[in-house]
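One chain, chain A, links the two complexes that follow: it is found with chain B in the first and with chain C in the second.
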Partner chain A sequence: MTRTGSGLLLRVYMGVFFLYMFLPLGIMVAAGFNAYSPPSVTVWKGFTLHWFVELWQDDRMWSGLANSVLIEGAVIALALPMGLAGALLLGRLGTRAAGVLYTAMVSPLLTPGIILGISTVIFWRGLEVSAGLFTAILAQTTFIASYTMLMFMARLQRQDTALEEAALDLGATPFQAFRRITLPFLRPTILTAAVIAFLQSFENYNTTMFAIGGAHTLVTEIGSRMRFGLSPAINALGILFILATIVFALAWGALKARERRAAEHAT
Partner chain B sequence: MTRLRRSFGAPMAALIVLLTGTWVLGLIAAPQVIMIEQSLWKMDRPAGADELSVQIDRLYNRLDMLMLDRAAARTLRTPSATEAKLAQIDAERAALAAEIADLETAERTPVKTWTLSNYAQMGQAHLRIFAKTILASLAVTAIAFAVCYPIAFAIAKLEPPRRAALIMLALVIPYAINELLRVFAWQMILNYGGPLNAALGLVGIGPVPFLESGSGVFVAMVYAYILFMVFPLYNVLETLDTNQIEAARDLGAKTWQIHRRIVLPHARPGIAVGCIMTFMLSAGSYSVPYIMTRGTAAPWFAQLVYNRFFQASDWNVGAAYAVSLLAVCTGFVFLMMRLLKVRLRDIAK
Partner chain C sequence: MIPTPSGMDIALSGAAVRFGTFQAVHPTDLTIEAGEFFSILGPSGCGKTTILRLLSGFLDPSEGEVRIGGRPMAGIGPSDRPTALIFQNLALFPLMTVWENVAFGLEMRGWKTARRRARAFELLEIVALDGQGDKLPAEISGGQRQRVAIARALAVEPAVLLLDEPLSALDLKLRQHMRAELKQLQEATGITFVYITHDQGEALTMSDRVAVMNRGRIVQVGSADDVYDRPATAFVATFVGEMNHLPGRIESVAGDRARIATPGGSFLAPNPGGLAPGTEAVLFLRPERLHLLGPGEVAANGIDGHLLRRDMEGAFSTLIVETAAGRLTVQRVNSGAGGLPAGPLRLGFADSAGVILPAGETADDAA
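Right, the complex of A and B next:
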């Protein structure tokens, strides 16, 4: 096969792949605007926004959203300091100890989410604490702190330690040097880590489902509604999720582009 | 430790150790240890419960005998002798009753017995589901790799960088959209009255019960987790120096030789991450079978685990199931690291 021939083949293949990725989402979006229940695209009864109204009036969705926000706040408050502490500690340990600690800290990312959820519930059940929002927060923190730790670690590796040493030589206390030099250097990472922690917590299903007991978040509620797919209000919510994701992806792309430009300026 | 204190001062060093310790020991290690511990015992009838019950029977007989003695004592000649005898018998009866009560609680209170039997509880049927789940997850992983490798390579090495960035940004959308929505889209497509069955109907096939037969689970799993393969592969292939490929081609290497000798070896860390993520997500997926079968098809392993805990309320057996799944996933991580000769540090980036 000639090189242009295989290039064309790859292009076609990529087109099919993109169709495969986006067509199912398109079908789900279309059913959200169809005046027909249960959600369908094969029977078209005309355009409607009725399902958005139905979604708006759904109390369980709102209470789920409130729980999601509560959990997110707590997870961010726990996972950011823990991840940062882990990354800072890692940089000050000997090779072997750092290796062990690192393995322990990334292990939640390699563990199935349902295991993280159920082991947290088992542990706290032994202490007479039953499953609920509290255990969901802890189970999510277990692996979200791993993400924040990796992000802080990557940033800290790029830090110029000379600045910190200069501050110490000039008589700053270690805490002052951290607060005035390291912390400002970490600020962009703190922000992106908070965003990632927010998204991971909000979107999480498997871990939360096993850890939350009788309570519900927006996403676990969506899960139980989807099982029987009775009302296109779920599709309406899906459309809102997709819009939010597009906005997020564009913001992320813009941020990356700005970082790249800044890096080009620096060099 | 001294380095830590010198860098941050004692109070902050203490805080750092406290926070990391709480996370690593309290949130990561302790729950896993307790879960494994829970899987290794069950509440059982105490050892020797049978002998205990024989002994209790014997004591009851003795109690009956005492009652006869007591009746006999009433016919004694002197009242004082009767009094003394009755008091003696009553004291003996009270002691016996207390002993019986003790033995009965010992017989009835279940004791914690260390055992591997929780693991053996997984009978034929559940073992088959366990095997099905693992095999399906391996298949999902293999399909994801086969589909994504050319995609990742094409984007990373054949597109101009700016276009590649745009394509990846477009892929972030289906990647970042909630997993449940991706699954739900396929539930609609494969449904009895869904578009796929409508299309098949046009050519005179079906309707095919995709959801009810359980095959829908597999289709949706591939779709839901395939992008976890694209991103790690793209990330490593992007760092591959294109000159290496050009040089190999100039020296007369064929396309498959270039991939086998240059691209694939370079992509090892990405392959490891992609395979581990895809396998782990599939094997531990509760959402996909939950939504795709609607309870009509046979359950998947994550559902069995869930039911052990929250429906059968058998926490010891549930823990054993969870530990089995954890063991398989950990084994897969080690296998991948060994096969692809990568270290954990290369993986988690």
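Right, the complex of A and C next:
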């Protein structure tokens, strides 16, 4: 094949790829401004902001979002220390004990989410605790802690064990060595693990659905409305999320660029 | 300005380390004097790093005892020992600046920031790193990092400085330079240095005494001259420096000398072990103690051979000579006379030149 031929093929491939990625988003955004329900772009009834107003007045949606944020916060607060503790322990145990602990910590990733949700509710019902936000938090934490542990393990494997030993040798207590040497080394992973935990918790449907009882998160609320047909208010919500994502991404990029400039300036 | 805590002495009595069924260090008795520059020399896996970890407190002996400055060290962790360790890879804290690295031990001792910063910069000046304090370890050179590690260890004013092959990552020139600096530092501070290395050049040049280790045992302790010229075992003879071996059998004994019969003839040499006639033994000969015999020249011992190769190495040249007792290496000072024609020649050596030792494990077997 000629050079230009392969170049053309590459371009076509890229075009199809981006179409596949972004066309659904484009349709979803367009439908959010269409004065027609259920969401559609094939039947165009004119531009409207009505669905944003409807979304604004939808209290169950906003209480679901509030619940989602609450659960995320709690899941991050639980899954990060649990994952870190597991990863630290795995690095220090003998091979056999480490194998058992590793299997126990990772098994929630291999268990269907529904089972995690149901078993959490059954366990806590036995303790007279009924399903709600609390059980949803614990059910999500079971598998999100596995993710954070794997991330911390990967990072810790790259740490030179001599660094902690050097700190001990210079008079640090084990806690001081952890706080001054290991924790700063883990800082980037703490941030990414928190982001992953946030995303996993926010988008989780199956585990949460079964564990949350009568309460609801944004995602379970949207899921339950699927049965009655969605309103384009959902599209309006999607548009807001896309905007928020773009704003965060731009802000992050700007922040990184400024750090780079500062670093170049310093040297 | 250099901290001058007096060095402390170290005593191992019957100290041994077992990992499961593996005996890393056999029961060992060893005394290191206060203020001594003491090296432990051995091949990798011989147990020298294990001994270092016994001294630094990262490891407890399975049996026996470690004393530093007369105090038993059982139950005393690395943080509380009067030792400081310089790691093989230096283990500088990568996220801290140079001065924060140096001041780390002081920070752990509760010094206020201004005071420990001032002290760190003082120490950096001593190791000729003025002006580098605010950089990160990644921003300075290998030799400078080496000095940071030294300053960081000196900051806690140890009585014993433990060094785990700290020069192995440096290039040859810098390594030779740092050898001199370390020796100077040791003399200036009076701190006891325990230096772990597999490099016999480092051990011989810097140390007051050297312990040679093999398979978890210290096989000889002595001055650099002792281990080089009066090796106690076949292993020491072959591990430290170049060595020719001529296996044979003791023929007769006269005083502290013996005559050993080899396929290349019988030779008179020191017999420090007092081996009896009839014993299987090996005559060890340094390449530089062998010389060429001219026509009509005689020596206490002579052996005929055939020159195979001459390697010119600058200050000296190395001859590879095939003899009836095996292939021998000869080192000649370069007199500027040029090469030798390949062909027959005769080698000689004094009756004090070699050493007869019982056949045993050599460094070549260990490797």
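Definition applied: the second predicted complex is superposed on the first by the 213 of 267 C-alpha atoms of A that agree within 3 Å, B and C clash if a C-alpha of one lies under 4 Å from a C-alpha of the other, contacts with A are read in each partner's own complex, and residues count from 1 in each chain.
In this section, a contact is a pair of C-beta atoms (placed from the backbone, for glycine too) under 8 Å apart; a residue touches a chain by one contact, two chains touch by 3 or more.
As the structure is a computational prediction, the values presented were derived from the model and not from experiment.
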First, second, both or neither for A:129, with chain B first and chain C second: neither
First (chain B), second (chain C), both or neither touched by A:173: both
Chain B versus chain C as contact partner of A:248, first or second or both or neither: first
Partner chain(s) touched by A:53 [first = chain B, second = chain C, both, neither]: neither
Which superposed partner A:19 touches (first chain B, second chain C, both, neither): neither
Partner chain(s) touched by A:28 [first = chain B, second = chain C, both, neither]: first
Partner chain in contact with A:230 - chain B first, chain C second, else both or neither: neither
Touched partner set for A:103, first chain B, second chain C, both or neither: first
Touch count on chain A, higher of chain B and chain C: B
Chain B/chain C common contact set on chain A: 173
Residue ranges of chain A in contact with chain B within the complex: 6-7, 10-11, 13-14, 17-18, 20-22, 24-25, 27-28, 31, 39-43, 81-82, 84-86, 88-89, 92, 101-116, 118-123, 125-126, 138, 141-142, 145-146, 150, 154, 173-175, 178, 199, 203, 205-206, 209-210, 219, 222-223, 226-229, 234, 238, 241-242, 245-246, 248-250, 252-253, 256
Partner chain A, residues of chain C touching it in the complex: 56-58, 77-80, 83-85, 87-89, 91, 93-95, 104-105, 107-109, 139, 152-153, 155-156
Residue ranges of chain A in contact with chain C within the complex: 160, 162-163, 165-173, 176, 180-181, 184-185, 267
Parts of chain B lying in touch with chain A, wherever the complex brings them together: 3-4, 6-9, 11-12, 15-20, 22-24, 27-32, 34-35, 38, 147, 150-151, 154-155, 158, 165, 169-174, 176-189, 191, 193-195, 198, 223, 227, 255, 276, 280-281, 283-287, 290-291, 294-295, 302, 305-306, 309, 315, 318-319, 322, 325-326, 329-330, 333, 344-345, 347-349
